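Each of the next two complexes has chain A plus one other chain: chain B in the first, chain C in the second.
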Partner chain A sequence: MLMEITGPPKAPPVTAERPSPLRRVLRGAPPYLYLAPGLALLVIWTYRPLTQTAELSFHSWNLLPTTPMVPVGFANYERLLDLPDLGQATLRTLVVILGLLPFSVLIPVVVGLLSRQVRGRGKAVYQAMVFAPMLVAPVASAAVWRWLLDPGGGAVNRVLGIDLNWLYETGSAQFSIIVITGWHILGFAVLVVSAGLAGISGDYGDAASLDGASRWQITRWITLPLLSPTLVFLTLMTVLLSAQWTFPLIDTLTQGGPADSTTNVYYLLWDYSFHSYDAGLGAAAGMLLFAGFGIIAAGLVWLAERLSFHDN
Partner chain B sequence: MSRIHIEAASKRFDKVTAVDQVTLDIEHGEFLVLLGPSGCGKSTLLRAIAGLTPLTEGRITLGDKDITHTPPRDRDLAMVFQSYALYPHLSVARNIGFPLRARRRPKAEIREKVEQVARTLDLSALLDRRPRELSGGQRQRVALGRALVRDPGAFLMDEPLSNLDAKLRTATRAELSELHRRLGSTFVYVTHDQVEAMTMATRIALLNGGKLEQVGSPTEVYDRPASAFVAGFLGSPAMNLLDARVVSREGRLHAVAEDVDVALDITGELSDQDSQDVVLGIRPEHLRIGGAHPGLRGVVRLVENLGSEELAHVVVGDARVCLRGSRPLDLATGDAVTLSAAPQHIHLFHRESGKRLVWRDESPTANRAAVELDYSAP
Partner chain C sequence: MDDRTDTVGGAARWRTIRGHAVLAVLGLLCVFPIYWLYATSLRRPEDVYELSPLPWPLSTQSFTDAAAKIDVVGLLANTTLVALLTALGQLLTGLLAAYAFAAWRFRFQRLLYLAFVGTWLVPFQVTMLPNYVLLFQMGLLNTLAGVIIPTLCSGLAVLMLRQHMESFPKELLEAARMDGRSSWTTLWTVVVPNLRPALAALAILLFVNGWNEYFWPAMVLQRSNDVLQLGLRSFMGTEGNDWGPLMALAGLACLPVFLLYLVLQRHIVNGFVRSGLK
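Then we have the complex of A and B:
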């Protein structure tokens, strides 16, 4: 008769001895210990001020330690929404963001694509030169630009052969702030785009060129779509940080003027708190900005996730 | 006609010569495998054919057209990359259709061609997927589909099977051979895997250090290796190579070394000063245990069971040889053993140049014995 062979012998289930609870805690602790310094800093410098701001936004206070904070409920928010300032400042912030996008996305992409041809030591020198404006302190560059834009004998007016008071006319002041900020961030954005381009495997371009695509087709159909996560990142940075990037220039060059034409939301809340000493109103504006930018950031992050292609 | 002719092609990167004066004729319909170890220049040569790496010197013609300076897109070649280089943001259908889209063919034609190719490669169900949702084998087929969708002059393939597991690789090898037979077009295929080369190639070009070592059919390259390098590269395990000296004894040549005295199938005379240092080569499967005139004596160091066959590692003098035979070999570690090989299975190589040595019979009056062992390739 035919008989099945027996397989390897089966042992009865065995339970290994568990280490003591103390040992288990000690063994599990290191990851949390590594996290602790970062978490502590985050709590001290971000979350604590945030909760304090939230609390302050429901009070009236003039920043004097001797004056008590008076609870006012939603009065600060109501005032904020009734005043036309916030709406106008938001609109101007939008103009700044749109004005900076060419400097943070469009020009860097063109420069990044063209400068791919630069190789070796030339590349490092080139990138250092493009990046240099980022290293100039905004206040220092503001002084230089004020001198360049001087209506009397400034270099800009002489080169253009016009007689414009750049920083003291409503349209040109905003334009000047945007261009100077753009000049500051351009190098950084080019560097980010170059890094993004370097991260795209050369095989795609090679394959596409053998598939018969022209250089323009490769750029449009392969390179730019693969670069889109980087572009979304730069857009996100511009949307969230434009108002902050322009702040030092506004403060040194125009102080929000002329006629509030360069007052964006960040400058406005700073103005409320530290010029008008209405800390509650400033805090309320801060909270609204936090919520608004939070929603926009979440949307863009979601978009970035959707656009990222995990190859290999 | 897609005959590819490579003339004296060289590629230098700064001081490193990746491809050194390679001349190679690839006939229409051939399956030519560029074989060699890592860094031998085979991929560089393929990329030069594709136009992705410009040559430092030399000329490449496709058909009658000099394409040395033609950009890749105008070369009428299709390539499958080792990484497959599937466009990660495009669906399978758009990936396969890409070469037609780049050529601005009408949409309906692209769709029809893509569906046709997908059917032959069994990809129809996957057309809407993105590359990241595919398995390794499926990606490989999509890469192949992108090459097949137009009718290129030749197919270039850069180690397309190296990312597949062993079982899938065996299956895909057979599929590629079948595809080549059906299409009848020219394939240039780069690999470091000798099994792929032996099974698929109609001709193998073996490269070493950027230089062409031998070009020939798999049989020629395996049975008559042109150099000790080729002999040592092909075969698993590779040919046993032993330092020996050729001397003549009673009108016959013998290769001798410590514990080695192999009679060669050559009648001739060599005076003592004409005897020559050579490398003696015998394939593991050509060694027999015992025999009437055993040429090698040694001690078994290790016996490996491969399932169908056994490998015995034997120390002969200060060299190690490998013997391969069907199971059981009836050998155990420590056994003293004598080995023999038929004279027609014995290869000789020049000690310095490594080139194959052949006996050229001359009239006995002309006493030029040492030179008679010249190393012109057969």
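Then we have the complex of A and C:
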């Protein structure tokens, strides 16, 4: 088994009777030993590659083991910022995020509010149905949607009575990807919102309604603010993961096309490294992406701490 | 007075009906593509383009056709193996790490915890290239071991198990220590039996994730397509418009997860909602 040494175990800062140094080290060791397997895997498969990618981003390399990596300084980053690709891909990623927010936040909240009265077995059955798409493997989903959206015999076109080649026209390809991804995550978001609503005590609403508040006022000024941690969480997830969620669908359905209309930042990265064999450029794009998402995540977490109303 | 309670009761009933209607419509919309997938796979080959909602007469011809073109049993076995080993490995490393975080106070605890949780912020696409090179050097490209080994630690598992262990009564751990049990024995005789429901829910979640994983197998198994997701993808490439067999294979690729879902619905849903990540 490969093991990475995780640094010398540290003794606990305060000890009662000052045993010998060796015994103190041994006593402090257990937590580090329990952490060792997981930590070793993290170092080897996450943090080592992360630093290597950082290093690679300052080199030029074509992925062939026989050719050496050539240091090029900031050239990859300059090239990246000069090329129009990255800006356009970022814009498309934003479009996807905005397009997914209705599925991950808006519809679940509306549905959650409208169906609060439904309880018991009925609710469990509906939730089971809504949640099912989350479990469909991305490639299977790609297969069934290609069949549904097939321009000739697909059910969608024949029911709508139109003749649109959904996945192969620049206008509708991105839209299709968004809807398919939305279909995957909708059930999950509905369940999260429903759990959030169930956690809100009915007392506040009852008190407000005694004071003459209307149902809408209660929703707007009591329920939604109390639900805000859930909403921030769902937004954060959409921002951070939407490009990940769409990736397998793009890879199997459109390959970033037609005319790059579905190429988001992750797909661009993949394309640079494994189709154009420009590892340095791919690494530079990866580092920018990592930094960008890190900043956005930190910002949203900060916002969540400041804006959330806590039900204490 | 009577009048008023009547309208209030009426409004409440109306809201309940509206709730049922909203959820039913949404549920049907969500389930329809899945239904259509299985409906198409069960039609006779000459009926594939039918729009009738019920596939009748039933036929398993599509499944036979798919099985003739691709080694379905082998793919199922490989995928089961990968998903099982991945889930067990993630459960084990997660359990040990979560135990360390919950039962001790030690130096760099926060930092190390952040190292586990922070994996969430490192996108797969940023680490894929160096990992690909390392697997190449280890000779593990195009092997199932190459798919499994890099995924054996999951930040999600650590996060969720730690939450469960934090709520675990400390007195029990203390009592076990007083009995003179080692921390290792305590973990397996006190902590694990008490965490069984949480461990089961997490195991199912990790299994489903492993089953549906796409990126990493796609990189490692570029030549062999040995797991279902990849077999399905290559089938889509070669037999793309042969809808019957394609739907049959896609249906098979989802079937084990759906069967698990039918039996363990509540656990799976709870696992996903609590994890909130995938």
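Heads up, the rule we're going with is that the second predicted complex is superposed on the first by the 266 of 312 C-alpha atoms of A that agree within 3 Å, B and C clash if a C-alpha of one lies under 4 Å from a C-alpha of the other, contacts with A are read in each partner's own complex, and residues count from 1 in each chain.
Going forward, contacts are C-beta pairs under 8 Å (C-beta built on N, C-alpha and C of every residue); 3 or more make two chains touch, one makes a residue touch a chain.
Bear in mind that the values here come from a model prediction, so they are computed numbers and not experimental data.
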item: Touching partner for A:225 - first (chain B), second (chain C), both, neither; value: first
item: Which of chain B and chain C A:201 touches, first, second, both or neither; value: first
item: Which partner, chain B or chain C, touches more chain A residues; value: C
item: Which superposed partner A:280 touches (first chain B, second chain C, both, neither); value: neither
item: Touched partner set for A:182, first chain B, second chain C, both or neither; value: neither
item: First (chain B), second (chain C), both or neither touched by A:212; value: first
item: First (chain B), second (chain C), both or neither touched by A:99; value: neither
item: In the complex, chain B residues that touch chain A; value: 50-52, 71-73, 75, 77-79, 81, 83, 85-89, 98-99, 101-103, 130-132, 146, 150, 156
item: Contacting residues of chain C [partner chain A, same complex]; value: 12, 15-16, 18-20, 22-24, 26-28, 30-31, 33-34, 36-37, 40, 48-49, 51, 92-94, 96-97, 99-101, 103-109, 112, 115-116, 119-131, 134, 136, 150-153, 158, 183, 208, 211-212, 214-215, 218, 228-230, 232-233, 236, 240-241, 243, 246-247, 249-251, 253-254, 257-258, 261, 265-266, 268-269, 272-273, 276-277
item: Chain C-facing residues of chain A, complex; value: 10, 12-13, 28, 30-32, 34-35, 37-39, 41-42, 44-50, 52-53, 56, 63, 65, 107, 111, 114-118, 122-148, 150, 153, 155, 158-159, 183, 186-188, 190-192, 195, 233, 237, 240-241, 243-244, 247-248, 251-252, 266, 269-270, 273, 279, 282-283, 286-287, 289-290, 293-294, 297
item: Touching residues (chain side chain A, partner chain B) in the complex; value: 201, 203-204, 206-214, 217, 221-222, 225-226, 309-312
